[in-house]
Every structure is written in structure tokens, then in C-alpha cells.
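Order of writing sets the labels: A, B, C and D. Residues in every chain begin at 1.
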């Protein structure tokens, strides 16, 4: 943890806003560490991320957002958020039966690669309870049927609120969430899909990839939206396969992609590197 | 060029066929240089490629196929071909307006990286004639309309036959060939498509990739079949993109993939490394 | 586990040996599933891997090696081994303080991705004992000093013998083994080095990579030999870095390479895919 | 070509400089299109690239540098350059006998992928003159011996000055330049080396890679400095190889890396994306 602030901002293109932001930080004796700005010339839209050190910043943390609001109040179509890096993010994990992603995440948590808290793991199966116990994390099972889904999700949402989670990670969670659930965590539910989206959405992508005879398979991490496997893509990776790889080889090789891609997306989220705009992500750095 | 033979073979799985093939070569004093065999356990189908040296082979080249036919005549569902590596393959190029793939191919041809002959280049535009002239290769233009396509293709086919081409390469040729044309060169027309098929088939894949916000783009080389962009995939490659890449950046980066992937596919074809089975390729090595 | 046998063989190039091997298997009613043969034309040396099914094989497992010995007894400079796939391999892990590789391995073990047994974990530190306890595996600590190294290694070797391990994996074990120790497990100790060997051997490769300003970092898995970081390379992988990556970013990104590359090497070993020859590996498939 | 300016700047870290730069542009009604800033926390050094549109900029192009000098005149250890994007860069190519890199470059030049001028090609051999003639570019041959090197380089330098070249590309030029020659074009001579530096510097890297048994080969583009193959690295790429690849396969596969990596480095140079600092590059974007 460190004493930095991160501003994520996007707005209709204009000539003053970068200057206003840097002046604001400079004036209050903040030291900019990273500034990344990009203008989408097609949509005339400006995206910006600034990270600055607060050690000698003249404003108290509590006052920064109000002060900044005044700076940009005259700008049109401007959206911004300021994040502070002084507290571990609280992350909830959803799992079903596969352990590769959850172990990968828990190793990073345990070794302090990531400075996060994991207040709970939610599953629709008992199978992975032993992992939660290995790491001493509460494990809640909600078995899901067509009939009880809304009811079970309500309980899950209650737990998430109570645990005050910053975002949710679906670590090969094998249930489709309802639109209502998703609406509670916009751009805050990260999923891993086991294909190079938009190829092979939905169920059994490795079987489809095998059938089509592709020479490269992939994995995609994205924010969950109401459209299945169609949310903004955060990270993707691929690996080569050959005719000698059976479906089970694809599944085996794909697991290595899935865990790395999901962890990459979580890392980007933890760094406050991600903006979403028009169902796409801007991932700074 | 060298004095080798290559056998490509596939058949319903059986216990004797590998032994029969190696015995045939050994008995006639051939030296096996590469043998690669693979059994698809799901379909119980066996695939095999053997390359052997003919220098001290007891059979004359002309007699090899007949002799081999007798060896495997008792086997069911067996398909095989024997290729000789003593003559340059004859390759026809089809192009439209983009020069990156054709230059890439011609550089390999000119520098003898590939031992091929290019008896002709066919186009539906005049634009690239200067390249054919740079390399002193006949350039034939057949402008294509809905009305004249069959007629023009008939003329193209006549030229290809006359030139005795082994296979055809569509080096960003921007016309869809008719089923009839394709039927003349089964598994002998190689196309390059500018996406990671099956994602983004058809026109303007880079625009679609941009719109979807993918983080990886690709290119796919495949045999042309009657189904557009759905033929057996020979080679694929990808590269990473970011939010800073506009559509024109995708097009620019994609060109590097297209030329490399197309040339990889041609190389595999020239080495007799490719078998097709059930709309998929087996690419040995 | 399955009822297959794998033959790994290499010899001075000759015209009969492939035929002899396939005839041997065919004659006894074995079904070849995979055959991969390659001749190094520079050294005139032949390498071969054959996997066949034993279900209807006429020979008892116990008699196969003797029978095969007779088949190839006339051949010069021929080395071979036959492996059976009916029992889990027994693997010993050596670790120090870093947990990413060991968790990656244990997840594959626990989930049955790999059919192995891990009879013991050896370390020179107490730090990772909790992981061994999570997975209920004996954990032995031997702290190493210049003075006690031979003595401690003798105890380690005794444990390894007693546990009847097939091979040893150094999962970021931070001690150099003596030549004597290594000699007990030739081509049976797999190490992971955190650079693209031969670049940056020895200590602190990420610091060296940072200092040199490379744009790509890597990891290398190799067999341990008496020459530090100079043994036969089994697997390598890389990832891109930029000027924004500090040394600690390199270390973080490198960990993902290390665990994947090490696990890839172990997988190849488990499949009996690896031959070594002149300080290089032949990795079939 | 477009009416943009690019500022590349680096300085000892300070709190005001970013604000000063953005204020300067904003005040004169310039529109920032891309701003990328990064602080190296280890060296407390700040790097920055800003690209802005000059269409409505209040200052004339001729006056920009003077005006900017006044803005940053009070800052210590600050280095900056402003580039204008309104004229094609003039690039000289040096070649010897291999044609893959030069064709790759000339295709991009001819197709206007790059907006450059190539006033001359210099070689120590006649062999590639036909390519220069295909593209109608003057081709100068200076055969190099130990005795005549300084003299010949003097003639080459005279030609480069006369042609007013912006930078020099060594497209597999097989001569080592003298320190004196290099000193005339600091950070303006781009070389391609056929290995993943720092592995395998010097001659015959593919032979060394083969001998070491690496599983991945690479290519590296770097600025030429007085230390052979030790200059700041601009771009690198790699591809996988296997035991079946002979030295000539490595050379063949490596060529595809060499041309892509060299062209990537040239592209970055053309975009004014590259800063050098302490023998390393900062490549923005």
C-alpha cells in the first residue's frame, strides 16, 4: 500500500482539461508519477489516467474530490473518479468445481503479490470447500436452480454488501448471473471465458475450437454485462495447438491461459488502470 | 531440390500399416529421414508422413507408386499420396491491390528461400502490374463483375492448366471464387484471411475487431472451400493491440501477420506437410 | 494411467532400425498410437519415440525389455529405454521461500491434471511448511551452509532413495547442488531458471535484464548438470516488458513464466517425451 | 503527413514540469492528442512525450522551440526536442547480400505505409543493386577492407550529409562501423541483430543458438553505439523452434523475425516514440 491517488477520467475532447488537471495537482504540491492520456480521434473523446503522490499534497484526502469537482465543473460530458491506494481492495471470489484459477489467485493473495482482502468465497457446489479451509476464508454454498436463482442471488448480494466488497471475480463460476445481480456491480464483476472472444462464446468452447480445427486457442477476461460473454474485454492471451492435441489437451493447455489472463485482469483492476467506454475498455499501461 | 520422397497417408486405425510402410522402404534400401505418425483416438483414424531418401532406393521413381499400391492394397479406407522433391513446385498468385503479401512471397522466391516457379500472376486490377514487371513474371488482368465471373474464371482456369500449376495462392485477392473454380483445385488453393477465424469472417474484420474491443488480432491461412472463410485452417498467428490502436493501426499491424501466416502456410504446403481430413488439417512438424 | 508403453531410442543413423521397431510391435499385436522419428543430418543420428497400447500385446510387461534387447542387439551405438504408463511417477519437490511454482504444481497434483505422487518436499527453510501441511505432504528442512552441504545432501539423498522418487523438481530452490548429488539423478533433476538462458545465468537475472534494457524477459527449464544453468534446455517461454516495468514488475511478470515453463517441462517428462543428446534435448511433440 | 508536433523530454524529477508543458500548449490553443509521462522512481528521472495539433496553435512553427526554451529554462538537467510531422523523414539503407529486410522496408515505402524518402542505398557488395534498380533508388557500393575502411566511410558520410538523411538503417549490413562514423549519427543508426540480445552477440548467432539447444530464438533492433551489439535496445521479438530445426531452419525462421523487428523499430523512430537514457530506450506507446 502506498500514499498515492489515481484519477481516471474521460470526456468529450477539449483543449483545456489536461492543463486543468495537471495544474490542480501541481498547485497543491502533488508529484505526478504516471500520466497517460489518449484521444480517440474517431469519437473525439479523451481518456486520461493520472497517478500522483499525496505525501506533500496540500489537500486532505477527504477534500480532494470536492476540490477536483470544482476544477472540472465547467467541462461537458466529463466523467471522473479518484481512487486512493492506501487500503487493500476487498475481493469476492465465485467458483464452481475447477481449482486452477482460485489457487492461482490465492497464491498471489497469500504471498502478498496482491495487497487484497478476500472476505468470502461463494460457490454453487461443495467441492472446493477444502481450498477455502486451507486458506481460512469463509465459504458459502448456494446451489442454483432455475426456480431459486433470484432468491439465492439475493442472499449472495446481501453477503457481498455486508462484506463491503470492492469487486467480484468469477473464477470459472459456472452459472449465468441475472441482469439484476449484475446491475449491482457495474464494471465490478470480472469473468474469465475460455476462448478468444468473440470466437466460441457460450458453453464448451474447447470442443468447438477442436471441431473447427483452429491452430491457436485463447482465453478472455471481461466485465460481466447483461449480454452473455459480450462485455468489455480486459485481457486476452493465446497459445498454439496442433492436430495432436485432443479436446482434453485443449482443456489442459487452456487452463494455463485462463488463470494467467484472469489474474492479469484483476491486476489491472487493482492498479486502477481500466476505464470502460462504449462496451470497450481502455487499459492504461 | 533433393532426391527425397514424401508419403502422406491416412486410414482407419489398424495395427499393421506402419510396419508395412517402414518395411517397404527398408526392403528397398531407402533411408527414412522423418517419420511422423499420429492416431486420432476419437475418430480411430491414423495419419502418417514419411520422408525418405531415394539415392540408394532400389525402385525407380516411376515404379514407386505402383509398388506401394500393392503393399497397402488390402487395407480399408486408406488414402495416400507420394510426392517427389526433385522439381520446383509451380505456384500461381492471385492479387488485387495490396502489395505486402506478394512482395513477401516474391522475395522468398527471388532469394531461393523457396524453390518454386511462379509462371503467372492473376489479378482483377491493373494496380500491381509494376511488381510483376519488377520480377519479370506474366501478369494477367481479369476484371470481375457479377455477370462475367464465370466467363472470366474459365479464362483463368485455362491459363492455370496451361501453366501446369501445382497450387494457387490468394495473396489478398479480393474476389470470391465460384464453387466450380474451387472444385478444380481441391486442397490446392491457399487463402489468407485477416482475422483469427472463426472470429470475424467476411468483409472488414479489422473494423469488427476494433468495434468489439479485442486485445489480440490475428490472421488465418486456410484452404479455400465452397463455404466462405470456413475451409481447413493451415496456419494462424496473432499480435497484441491496445486501446490506442485505431482501425488503421490494426490494418497496419495485421499486414505483418498476414504475410507471415500466408508464407508459413505456403512453406508447409511446399514441404508436403499437410493432410486434410473432415475439414481440418493435420500439419506435420 | 493407462496401459501403454513408450520407447525412447537414439542411435547412429541406419536404414533398418525403424523397421525393426515397428515390426517388433506389430508382430506381437501391439497398436502404435504415436510414432515420431527424426534424423539429425548433421550428426547422422536418429531419434525416435514410439508409444503403443499393451492391451492385446502378446508379451508380458516383464518380458518386453528382454525381447526388445534381442531385436536391436546387432545395432551399434544404440541407446533405448522402455517406460510403462501404468503407475504414477513419484516426484520430489525442492523449494526455498517462493510459493508460486510449488502451488502451481500442487494444484495440478491435487486436481489430478497430473497423475503423480509427491512423497516429500525438501527445503532449506521453514517458510513454506504451511503449504506442505495444507496438502498433507511430509516437509523436510535441511539448512545448508558451505560446511554442512555434503552432509545435508547425503541425508536428502537417503530420503529420496527411501521414497523411491522417479525425478526431482527444483521449484525455485535457491541452493546449488553438488556434482555428486546431481550424478545420482542424471537427466532426472528439473530446474527453473528465471531468464531466457543463455542470457543472464546465475543470480539476479531480472536485475540484469532491467539494467540491459531488454524488451522481452523469459524463463528456462532445464536438466541440472554440473555446469550451473548450462544443462540441456527443456522448455522456455517469454513475455514482453516495457520501460515502465521496474525490477519488481519484472519479478512479478517473470513468476508467471516460471511456473508455466516449469510445469510444461514436468509435463513433458511425465509423458516420456524427452531425450537428451550432447547437452541438448529432443522434446517429441 | 499531418500538422502535429511531438515533444520528447526527460529531466530530473520535479513537480512543475508537466504542468508547465501542458500550460504552454493549452495557452497557445494547441490540442494535445497524446500525452505519455513516466517517472523512473529508481533514478528519480522523468520521461515525457506529448503530441499536439498545430492547426489552431497560436505560435508559428519557427517560433515554437524558442518559446518552449523559455518555459523550461529554469529547470535543471532537462533535455528536450520538438519534432514536426509535416515532412517525410529521409532514411538511408545499408545492405550487404541479404534481401529480406530491404524488400520489407521498400514494400512499406512503396505502398506509403511509411511516409519516408529513401535518397540512397549503400552497400559493400554489388549483389543487391537489382533491388535498388527495381525501386529506382541510387545504389552506392563501397567495398570495405581493413585498410580502406576509414576512407570509404568518409565517402559514405559525405553522401549521407549531401542527402540530408534523418537516420540510417543497417538492414543486415555485414560490416562493423567505426566509432567515428557512429559519432556522426548518435541514436540515429538502427541495426538489426539476429539474436535475442544479450544472448549470442557477434557473428553466427543462429549457429550458437543451435549448439546451445535453445527452444526460442529472437531478433533485436538497437541503436548502434561504439560497443558492438550493446547499444540501447528498441525492439525484440522471438519465435519457437524445436529439435527438428536445423541451423538453416533457424536462419529461415529468424529472417521473418529480423524483418518485422527492424521495421517495428523504424516505425517507432518515425513516430518520435523513442528516447534514450543510460543506454536504454524509453519507447512510448
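Rule of thumb we're sticking to: a contact is a pair of C-beta atoms (placed from the backbone, for glycine too) under 8 Å apart; a residue touches a chain by one contact, two chains touch by 3 or more.
Note that the structure is predicted; figures quoted are calculated from it, not measured.
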Fraction-based call for chain B against chain A, same above half, different below: same
Greatest separation from chain D - chain, by CA centre: C
Chain A and chain C, separation of their C-alpha mean positions in angstrom: 36
Distance between chain centroids, defined by C-alpha means - chain A, chain B (Å): 41
Sequence positions of chain A contacting 2 or more other chains: 34, 38, 41, 244
Residues of chain D touching chain C in the complex: 38, 40-42, 47, 196-200, 212-216, 218, 232-238, 242-244, 246-247, 279-283
Touching residues (chain side chain B, partner chain D) in the complex: 34, 98-100, 103-104, 106-107, 110-111, 113, 134, 244, 252, 255-256, 260, 263, 285
Chain D-facing residues of chain A, complex: 13, 15-16, 18-19, 22-23, 25-27, 29-39, 41, 240
